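Can you keep this structure in mind? I'll have questions shortly.
Chain IDs A, B, C and D follow the sequence of writing; residue 1 opens each chain.
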Amino acid sequence: MISSRQVATDTCWLELDSPEIADRAEWGQFVMIGFGLDHLAPPFLPRPFSVGWRAEDGRIGLLVRAFGAGSRRLAELRAREHVLLLGPLGRPFRLETGSRVACVAGGVGLAPFLFLAGDARRQGFDVDLLYGELTADKVFDTRLIEELTGGPPIVWTEDGSVGRRGRVTEGLSVEGPVTVLACGPTPMLRALAGRAAREGFDLQVSVEEHMGCGVGTCQGCVVQGADGRWRKACTQGPVFYASELTWSPS
Amino acid sequence: MISSRQVATDTCWLELDSPEIADRAEWGQFVMIGFGLDHLAPPFLPRPFSVGWRAEDGRIGLLVRAFGAGSRRLAELRAREHVLLLGPLGRPFRLETGSRVACVAGGVGLAPFLFLAGDARRQGFDVDLLYGELTADKVFDTRLIEELTGGPPIVWTEDGSVGRRGRVTEGLSVEGPVTVLACGPTPMLRALAGRAAREGFDLQVSVEEHMGCGVGTCQGCVVQGADGRWRKACTQGPVFYASELTWSPS
Amino acid sequence: MVPELRQSLFGVEFQAPVLLASGTCGYGREYAGLIPLDELGGLVTKAVSVEPRSGNPPHRVAETPGGMINAIGLENVGLEAFASEKLPWLRDHLARAKVFVNVVGRTVEEYAAVVSGLDGEEGFLGYEINVSCPNVEGGTMFGTDEAALAALVGRVRRETERPVIVKLTPNVPDIGIFARICEENGADGLSTINTFPGMLIDIHHRKPVIGNVTGGISGPAILPMGVYLTWRAATTCSLPVIGIGGIRSGEDALQYILAGAHLVQVGTASFVDPAAAATVQEEISSHLVGAGIGSLSELVGGLRLPEDAQA
Amino acid sequence: MVPELRQSLFGVEFQAPVLLASGTCGYGREYAGLIPLDELGGLVTKAVSVEPRSGNPPHRVAETPGGMINAIGLENVGLEAFASEKLPWLRDHLARAKVFVNVVGRTVEEYAAVVSGLDGEEGFLGYEINVSCPNVEGGTMFGTDEAALAALVGRVRRETERPVIVKLTPNVPDIGIFARICEENGADGLSTINTFPGMLIDIHHRKPVIGNVTGGISGPAILPMGVYLTWRAATTCSLPVIGIGGIRSGEDALQYILAGAHLVQVGTASFVDPAAAATVQEEISSHLVGAGIGSLSELVGGLRLPEDAQA
């Protein structure tokens, strides 16, 4: 653990030293992070977090929002505390057809796109980064976003306290060949999936589910496939085509 | 928690800010120290530690030796970490007949006497502080002992690596009226108790037993009285007359 | 707005839902001055038996992962000394907090003798019958033997008009069966749960840490078992249930309440922080405020199951 | 000196005493590359049933104090796919680590069908019969119903010459009774213990966190219960016992071994640190060195009870 800085209410940007992960991580992959077997308080089980950044010097960046007891403790990580990292894990996002990429990020769903948008732009892709939060105080330091991604995000807040007012999903336009990627709360993904089905565009989503092992052994992390069968979010995901999954209302 | 310094192998001297306890603590009383309800790793239950020092400015000193997982964590306390203190608890040592006091300390059993010897000397008592450890590396910084108690301890080590060679109990002489106080491992207390019975002198001992509550509610901390009945170490002790207790061999 | 924590139960009103669990608060007096006893829902005394009991050899307590083990051996002063030395203090010092006397015995008649012996006294509301005791006549424990439990509850019921709460044992295949037996034999309520049998070994000396060899496991480690058993008991009989096991926060307590508990008890947590029970009450209150809930009773048994799920 | 960790048991030799517990290591392959599987004592596969099972809705896992809750629902590929897709990998990649197949069923015949269906295959040593399953014919669980357990063990025994280990359920009044039933009906060994029934409630949404409503509790929280139940089983029957529950260190494992276990299994700890089982083995080894003990077998059942204590 190298450094931690608070970048929004309850939200920290952690930089950790992990050459192996920095070296191998792909867009949308995640790590399991925990404190090891002597730590009985939350997080006792490691928690999955998207790789938000990787640097040549072996650092990786994680965007951590205090949600329950486990992530709160992680958001309070202090420099020189040691953590256990397992990764990189899971199936990454794939950039396809055409040269345009639209990333739709809800809340800390921003994390994988910090990493992806910068790389993709350097590779000549034309990237729109749509980033939504409920309120201004939750919005991740936009200067840091530009620094990491090489361009300004299009910020949306539901209360309009900063950026455009409304749901970030409204900001998505899909004229022409474009790869659409989304990461965020399930209701947001569900809404986008519905739209993708209606308007007939391909959508890749990164899903969230409780995890035990992160490597496919416990079958704890399932989401429902379009065929009704379960898929493991950790090894068959976390990135799926929206069309591969069942989007039960709830 | 104000400061911690290592004073011997696995042994730390902790200074904590606790005006109430500093103000009220008597010789031989103890505190229950823990991390509160969010801390599930050892020590989850608070642990009893003798008050080793009290200062006018509200600080108290504890002598902590890493024994098992719980005390190890306490010995690793870092400045500005917060702990939960309950105390002062238990029955103190009593200074009686005559003006001589002999304190027999085994290992961290030294703690209560750091506090007592200084006070007693200031009150005009003539104090012998006999302090035994297995080996030199375990011996508490003798300069600090002098600083706290206003006099040099008589150090014994079983291997003779520092001070006199042998068991500290050998150093005890009981000519004339003298109050004999002892704190240390049960085998040491048992040996002294046997001698006190044979030679017919009064002996006050501070006993150790696992504790739950520290305040008399759980009945977890019992030692066996001379009448065969159980006594609570936390409220009826930790200081007893050796003659009040049964000293079963083991 | 101040949320309503009062619960009307057993013919009286509890000013708040949190009680101190038996064996973790002595006879009340030990905590006097240390915590505001009379602001809690109440307390349950250490077990009381007909004759005084001396209890087990040390060590009697030790820490286990996320909890503790204890084998006190039901040490207590016995019926007479309890009535003459302990009850008067409770009578004189607790005006609002309700007191239950935890009752133990080796035979049905011993339980009955404690209840009949105390029934005329003042200073307590009712009895919590601790059935996690070996039945010297039957060999098994009362709490795990359907016939013995039925006989015990029925017999105790005949001795008193006061509320009779039966404190159930967790290590049974289906606690619902035992809950119904208590209901059918006249109990007024249930307490779930007592400790789990456990053992801790000192590998260096190759001996049990606990003088009694085995002991009871309590503390946060057993919270999810306690919530389940409380839910099972509350949904298989119609008696009011007092939830117990690993509670150290308002959130823990509310899990029990949503599972069907009307009241809860805090035990081990008081050792870690004597203020635990009072804090739990405050946290329950602030949760109600935050959630805009006017009265705690709205939450009792308020757990919503997924449609497809069957209990 | 390098201490001897080998254990001769079930007619074979285990190179080391630590196995991966069923449901926490998939079918082995998932951990390939991540941990040195073939240096462990072995592993127990995820449960195998006659037909594939799809399992429970999410959430299937969550953290509890000092442990976790799970309700996977015995999701598995079923007998045929297991034999054709999973066993071959185990056969080809594990030379020294021993494999047990964890078997589940809804009826005695379903268990028997899995055993007879696999018995001719290669790649595993024997069976671990998971009796913590509802018996659709009897209503109760096999593991808490004496008659059903006797019938199940006897029936399975007739299907195979391979080692049959019965994995016992913890929530019974006396596990010794069930241990003896397994012995009398031809089991070769016992595994103690499976998870404890538990429940976790999301108080903000007033719903169970786990899709299946209830789940099984595992992890450090259950260590002292597991040690006790292992000791009880090992001292009430003469079958070799595999100790399971909350193990995350050599010291934890040695508690089970002193209590009477010949082998141990590590489950939940592998989620926290995939290297946990290997580390436990190393820590056992260094303890033996430190204590000057030549062979682990000297410690099996080596617990010394105080004279006055009765089991």
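Keep in mind that, in the parts below, contacts are C-beta pairs under 8 Å (C-beta built on N, C-alpha and C of every residue); 3 or more make two chains touch, one makes a residue touch a chain.
These numbers were taken from a predicted model, which means no experiment stands behind them.
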item: Separation of chain D from chain C in steps, with touching chains one step apart; value: 1
item: Centroid spacing, where centroids are CA-atom means, of chain A and chain D in whole angstrom; value: 36
item: Geometric centre distance via CA averages, chain D-chain B, whole Å; value: 46
item: Residue list for chain B, restricted to those that touch at least two other chains; value: 40
item: Of all residues in chain C, the ones touching two or more other chains; value: 57, 65-67, 220
item: Arrangement of touching chains [line / ring / star / complete / other]; value: ring
item: Touching pairs - complete list by chain label; value: A-B, A-D, B-C, C-D
item: Residues of chain C defined as touching chain D within the complex; value: 57, 64-67, 69, 140-141, 144-145, 169-174, 196-201, 203-208, 211-214, 217, 220-225, 227-229, 231, 246, 251, 254-255, 258-259, 287, 291, 299, 302-306, 308-309, 311
item: Touching residues (chain side chain A, partner chain B) in the complex; value: 38-41
item: Residues of chain B that touch chain C when the two form their complex; value: 34, 36-37, 40, 42-46, 70, 84, 86, 209-224, 229-230, 235
item: For the chain C and chain B complex, residues of the former touching the latter; value: 23-26, 30-31, 34, 46, 54-55, 57-63, 65-68, 70, 72, 75, 219-220, 248-249, 269-274, 276
